[in-house]
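Common to both upcoming complexes is chain A, partnered first by chain B, then by chain C.
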Partner chain A sequence: MLNRILINLIIISFILFTGCVQSKELETLGILNTRGVDLSKENNGQIETTLLIYQFDAQNKNISKLLSGTGNTLKDAREDANNKTTFLLTPGQIRLELYGKEIAQKGILRYLAALARDSRASDTMLLAISDTTAKDVLMKGQSQTEINVGQFLHGVIDTEYNEDSLLRIDLQTFSHMFADIGHDPILPIISLENDLPKLSAMAVFQDDKYVDKISLDDGFLLNLFQNRVSSAPVELTIPREPFKKYEQYKEISKNKEEELHIRVLLKGKSKTKMTNVQEQHFKTDIDLDIEIQEFSQLLNIENGHVADLLKKEIAKEIEQQYDTLLNKLQEINADPFGFGNIYRSNKKDGKLTKKEWREKFPEIKVDFNVKVRLLNYGTTQ
Partner chain B sequence: MRKKRKQQLNSLFPITVEKLEQLMNERFENNPDLSISTYEHQDKKIAVFFIGYLIQSDKVENFLVKPLLESKKEWTNNLILNEIPIGSGQETKLLDDILEGLIIGEVFVYIENEDSAINYLLPKKEKRSLAKAETESVVIGPQVAFTESMVTNLNLIRWGLRSTDLVLEKIMVGKRTPREVRLVYLKSIANETDINTMRQRLQEVEVDAVEDSNVLMQYIEDSSTSIFPQFYSTELPDRAVYSLTNGRIAVLVENSPTAIIAPTTFFNFFESTEDLYMRWNAGSFLRLLRFIAMFISVTLTPMYVAAVTFHYEIIPTQLLISIGQSRAGVPFPPIFEALFLELMIELLREAGARLPTKVGQTIGIVGGVVIGTAAVQAGITSNILIIFITISALASFTAPSYLMGTSIRVLRFPMIILAGILGIIGIMFGICFMLIHLLKLTSLGRPYLSPIYPLRLEDFNKVLFRLPQNYQWKRFTSFRPKDLTRFSKNKAAEKKDIDE
Partner chain C sequence: MDINVKVKSNLGVRAFYLFFIISSLQLGVGIMGAPRIIFMEARQDSWISIIIATIYIIIVIFVMYLILKQYENADIFGIQVDIFGTWLGKMLGTVYIIYFAATLLSVLITYTEVVKIFIFPELSPFVMGLLLILLITYSVLGGLRIIIGISFLFFLLTHWLLFLLIEPALEIDITHFQPAFQASFTELLKGAKATNYTFIGFEILFFVYPFIENKEKVKLPVFLAVFWTGLLVLITTVIAIGFYSPDQLERREWSVLNLFKVQSFSFIERLDYVVVAEWMMVITPNMILLMWGVTYGMKRLYKVPQKTTLYIVSFFLLVGCTFIDQHFQIQKVINGVAQFGFWIAYVYPFLLLPLILLKKRRRKRRGDENSA
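So, the complex of A and B:
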């Protein structure tokens, strides 16, 4: 008897449960793949979203579609766009969120917070900034590239991340960096070159506001500073003068350049310590293993002197690059290195406010110390 | 039963041969097969009666009737018992005993005016010859399978286990048509409690007839309502022998080509004797593969249904596109699509099993290819789902035990329905429900999920994977065999090359 009641209860609860979950069958959905967010030109204060969606229609072979909608919030704008399609737009598969330059300068926190709180939205979605407006990049890109431009852009950025060339920043890490005191986020910038979207620079943020951009090479330096880099392709430029006497085939060379370009595969890690907490002196040790792939001028590298000289010059070059980058960032007063974070953890009371660090950051001194080891310079892999 | 009647009834004999013949015909009303031949020898009437097709008639002819008639002696019962060269002669006095004897293949000789008849057991049993195993076919190792003949099966086991330890207890099961059942175990290894439990269960079965060992199994199982079989039913003598040497019990049933092995854990159903014959690493791999296959078989289609119905977020973008495109024209919700295809696979399997082998194969191929392709072309199903369904069907056939494979296939249907109603939560409900059930199950009183629950790490190397033979010096301890070790531990560590 008791069993029968139990079974009935189970059956009834199953039937009632069906009310809880709303079924979303794949073919009825317009699945957002990429979203561009801009400030609306017509209505002040509103945002305009450009949505790149997948829709599965038996009668239409083309599954990518571009829609746009305006509204006060992201969801409002999505509903506006939904009026233009029969498919229900859902954000569960957004892989890339692109922000226009203007909106990024005003701050993107509120949009990110909305994404982070949506359990359907992926935490690992990539974020990027458009050089002009997001709409421009997506519209023109879609008409230029053969494939879905969202997928294309995601691929472009993701390849760089996988190569360790740039610091990987997805929604989760961006939110984390923002929440950290004394650590400013960076994001890749997409610009249009002959109407073709291209990864061109890195955007530096002050909190959630886009302030200035740095080059992709600087982006790599930031990555090397924060992560262990396993094999990043890098091009270095060092003065040619010290190597003149070791050059091979000097007689036939017509190269008149004053600089030597070296293409290397770089592997390394860094460690930062505070040497003086009161005056904010830092010391960063960077260990690099370098595999040389290509020279602009052939060198007699078997000679031990050349190897030593190369190590010295490369180290000098990288140290100099770091110094320049730090100076620039101090001018902008944004700290994507995260020195503030290190300072806070070394400070006695462990307390630091964002404002306090903005005042102190331009004054800090960092001693970059690069150690280079040359790995094989024979056959390249 | 026989003894009781003996006390109640008086002897039938002496009686005249005519009277006996009349009496027999009366009692055997509807039996045209009873043959009674009367001979006259030295002025004495001798009656020989039997059922023709149950006995070895050439033996009766050559060793019984011929000597009786050709000899010049004056036959008496004692003389017959001494002179006739058939070993099994006995004296019978009661009519009921005669009737029962006739049915099991006895031949009766009655000399007029003697006070008992003599019976010889000369049964003829029709049986097929030994053949390869069909449902549990193996690639390497012994191929021979049990047959329907108890004598043959006992012979196979005896030759596999030439040990005086081997016990073959005889128990009769069934009220109306009693059938011989043998309880087989190794006395020095098998657990005493297990033997007693099994013996008691067999003795307590009260049924009309036991059709087959698989039927008997259902009578003596711990939980008869469960979807999972709790005893292994095998047709391989070497598997039975291997189980016996590990301290388990086998039950043979007359006229059944499968032996029941008990106790059994859930994991035993995914072991094949082949795992032992292969190198240990290949054997381990195959065993792991079967576990993965089982999991895939139960969850793959439900996962598809859940993901496509509720959780499109979890599908990688590239896969999402191909699934989306193939789903685009399908008019049914995923749950019906999946149920429809699963049913179709089951139809093909069932039809293939019923039809003769040659036709069955053709139907399988034609049905699979034609229906599969046509269904996709017609837009009734998506081709991705066809792939999933086929994989899970294939996976379910990897279980060496056909009974377990069938259970798994049946389990898929409630899982698909749960997934279609509740999504991944539903699948989790289903898996939890199944797990709780498995935890509660026992086989001959031993936990079904051991050695995982209760946890016995030392048994893992016999269940989830297999160590090299040299390292398996312990028996499966979860079954508590009397003798725990197969050989001494030091023997395993010993180096084989002594010289050098």
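So, the complex of A and C:
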């Protein structure tokens, strides 16, 4: 008897206690999915946010909606946008935050700090830079794509991350790279091609400021430098000359191209050591396992000699790509490789300032050393 | 007041459960922010500080064991009365009780703040406090054996959280620990001292010792508990330092909770919400044991019925947690408890031991003279 009363009491209290906190019904919420952040054109110093929300409204078939608002802070801008809708905007599900080019050049640290402070914002949200303004990409993109453009962009970037083509950068990784001394962050750039948004390049940052861009292939090199890559599809270009005598159907081929393009599946890891701490000399060993998928010429890998030649040329090509990339980054004076971090951890007292590394980075020397293993080349020779 | 406690045979517990009592009292709200606090003192060598702290606590535990062994079946209240006389002894016992109550309050307000920050910003601290205090009161009414049962169950129910740390652990950046051995010895000691709020709780051994049935086996479970807590703090700190860059870690108030923000499963996207809620299971045994300590102490010292103390203390806790709701007030309480705990838990046993040995020797000598 007493037990039954007790159980009833517990059940009743479970029901009643839910009233102690503010309730949030899905039907009254506008769930933010993507946010674009730009500098406001009308009001100097203010920011303009473009918000893509999901609203579960019974009267409306289209569940995604685009809103915009301006304000001095992100939250202020959200409030402003909220005045244009009956739904309560909640930021807990933001998957992608897109920054306009102009605002990224001025520095995005304060927006990231706001996200880190808010426990409701997810640490795994993706960040990206727009080639024009974030508003442009989202507005035009929304009219072109069938689905919610935020979801679309998130998918585009996420696919690249999942197949190891690019370094996965979410809010946490970006803040981590920014806060590490001697390590500059990068972010993917979204541009519009015939009003259709597209992942086009990688943005290189100097601290929190967008300074220049590098190609997506260079983005892959950075990923290979920092992570273990398990199977990334890559296209390599090597000189055609050494392989000419192994080509099939030479007599009918009309191709006069000087280069041989190879599509490979690449697996690899890298390791960087300092050979001379005083002079900042680094040595990076990169081990690659390669599976060949496609050639631009009909190449016959009939014996070990061809394979060795391929390995040599591929290694040379990747080493060269790394050298070019490093030279470019040294010119920009931004270090997304994180050499500064390695230098700091090898230094005796372990102390380095951002300014000090800016002065030293253009002078560093790195010896990239690529070792290639050719695992297989599909079902034909 | 009797120096030795006569425990009814149906109230005794096996020494094995000491492992759960001590580790669940040590693990609580402290570990949520521990990595940052230790890191601010000892930087990349924080792991050494934690090892130092753990070894030190093992020594303290050994001293506590020596103290308790001098008596047949006594607790700290009886021992203090025996050494310092009724007046001073009872006063020191009261200090212990106040210390336990203050620790309880600090746990309560810290957790309320965390829930407010992470899940329900609109939640009134009064409601949160009321819910938790109802839970505490209800469990303490069940008696010591129920309390130990709760510690045992909740220990098992909460440790799955460790698996969620695998993902951030995979992203550890080794360079954050290099160059190693940079901290000076004083910095390491400061780092070790910074752990004290996280590690306090092993003093409960002074309270529960009389209830242990097989006293010859007390040492092992206690040492294991301290070792286990030390290991967990070490693991979380290493992950936090590797995962966050120094600048980030210094600014993350609850760095361990933040570690749970990076996982996501297809069926649950934001695990940090689950973890904050689950943390209630971590702190519940914590608060219950502390509350039991307070009520038991009052009964021992002043013969106040345990229920009376329970209701009165609950009321004051509720008032306390309703009004202490600003971050810096809460930090003040925590720092106060940490200071208090440092002297009571870490230093005091070393002062008590020589006094007891001295008294014992004198008593023995007198006994010899009498018999001669």
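As a convention for this text, the second predicted complex is superposed on the first by the 359 of 381 C-alpha atoms of A that agree within 3 Å, B and C clash if a C-alpha of one lies under 4 Å from a C-alpha of the other, contacts with A are read in each partner's own complex, and residues count from 1 in each chain.
One rule holds in what follows: a contact is a pair of C-beta atoms (placed from the backbone, for glycine too) under 8 Å apart; a residue touches a chain by one contact, two chains touch by 3 or more.
As the structure is a prediction and not an experimental result, all values here were calculated from the model.
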{"item": "Partner chain(s) touched by A:124 [first = chain B, second = chain C, both, neither]", "value": "second"}
{"item": "Partner chain in contact with A:350 - chain B first, chain C second, else both or neither", "value": "second"}
{"item": "Which of chain B and chain C A:90 touches, first, second, both or neither", "value": "first"}
{"item": "A:362 touches, of chain B and chain C: first, second, both or neither?", "value": "neither"}
{"item": "Which superposed partner A:58 touches (first chain B, second chain C, both, neither)", "value": "first"}
{"item": "Chain B versus chain C as contact partner of A:14, first or second or both or neither", "value": "first"}
{"item": "Chain B versus chain C as contact partner of A:26, first or second or both or neither", "value": "first"}
{"item": "Contacts of A:239 with chain B and chain C, given as first, second, both or neither", "value": "neither"}
{"item": "Shared contact residues on chain A - chain B and chain C", "value": "17, 21, 92-93, 122"}
{"item": "Residues of chain A that touch chain B when the two form their complex", "value": "14, 17-18, 21, 23-27, 29, 31, 33, 54, 56-58, 63, 90, 92-93, 95, 120, 122, 151"}
{"item": "Residues of chain B touching chain A in the complex", "value": "308-310, 312-313, 317, 320-321, 323-325, 327-330, 333-334, 379, 421-423, 425"}
{"item": "Complex interface listing, chain C residues touching chain A", "value": "44, 117-118, 120, 122-124, 127, 131, 173-176, 178-179, 182, 243-248, 251, 258, 261-262, 264, 269-270, 272"}
{"item": "Contact footprint of chain C on chain A as seen in their complex", "value": "17, 20-22, 92-93, 116, 119, 122-124, 172, 175-177, 179-180, 341-342, 344-350"}
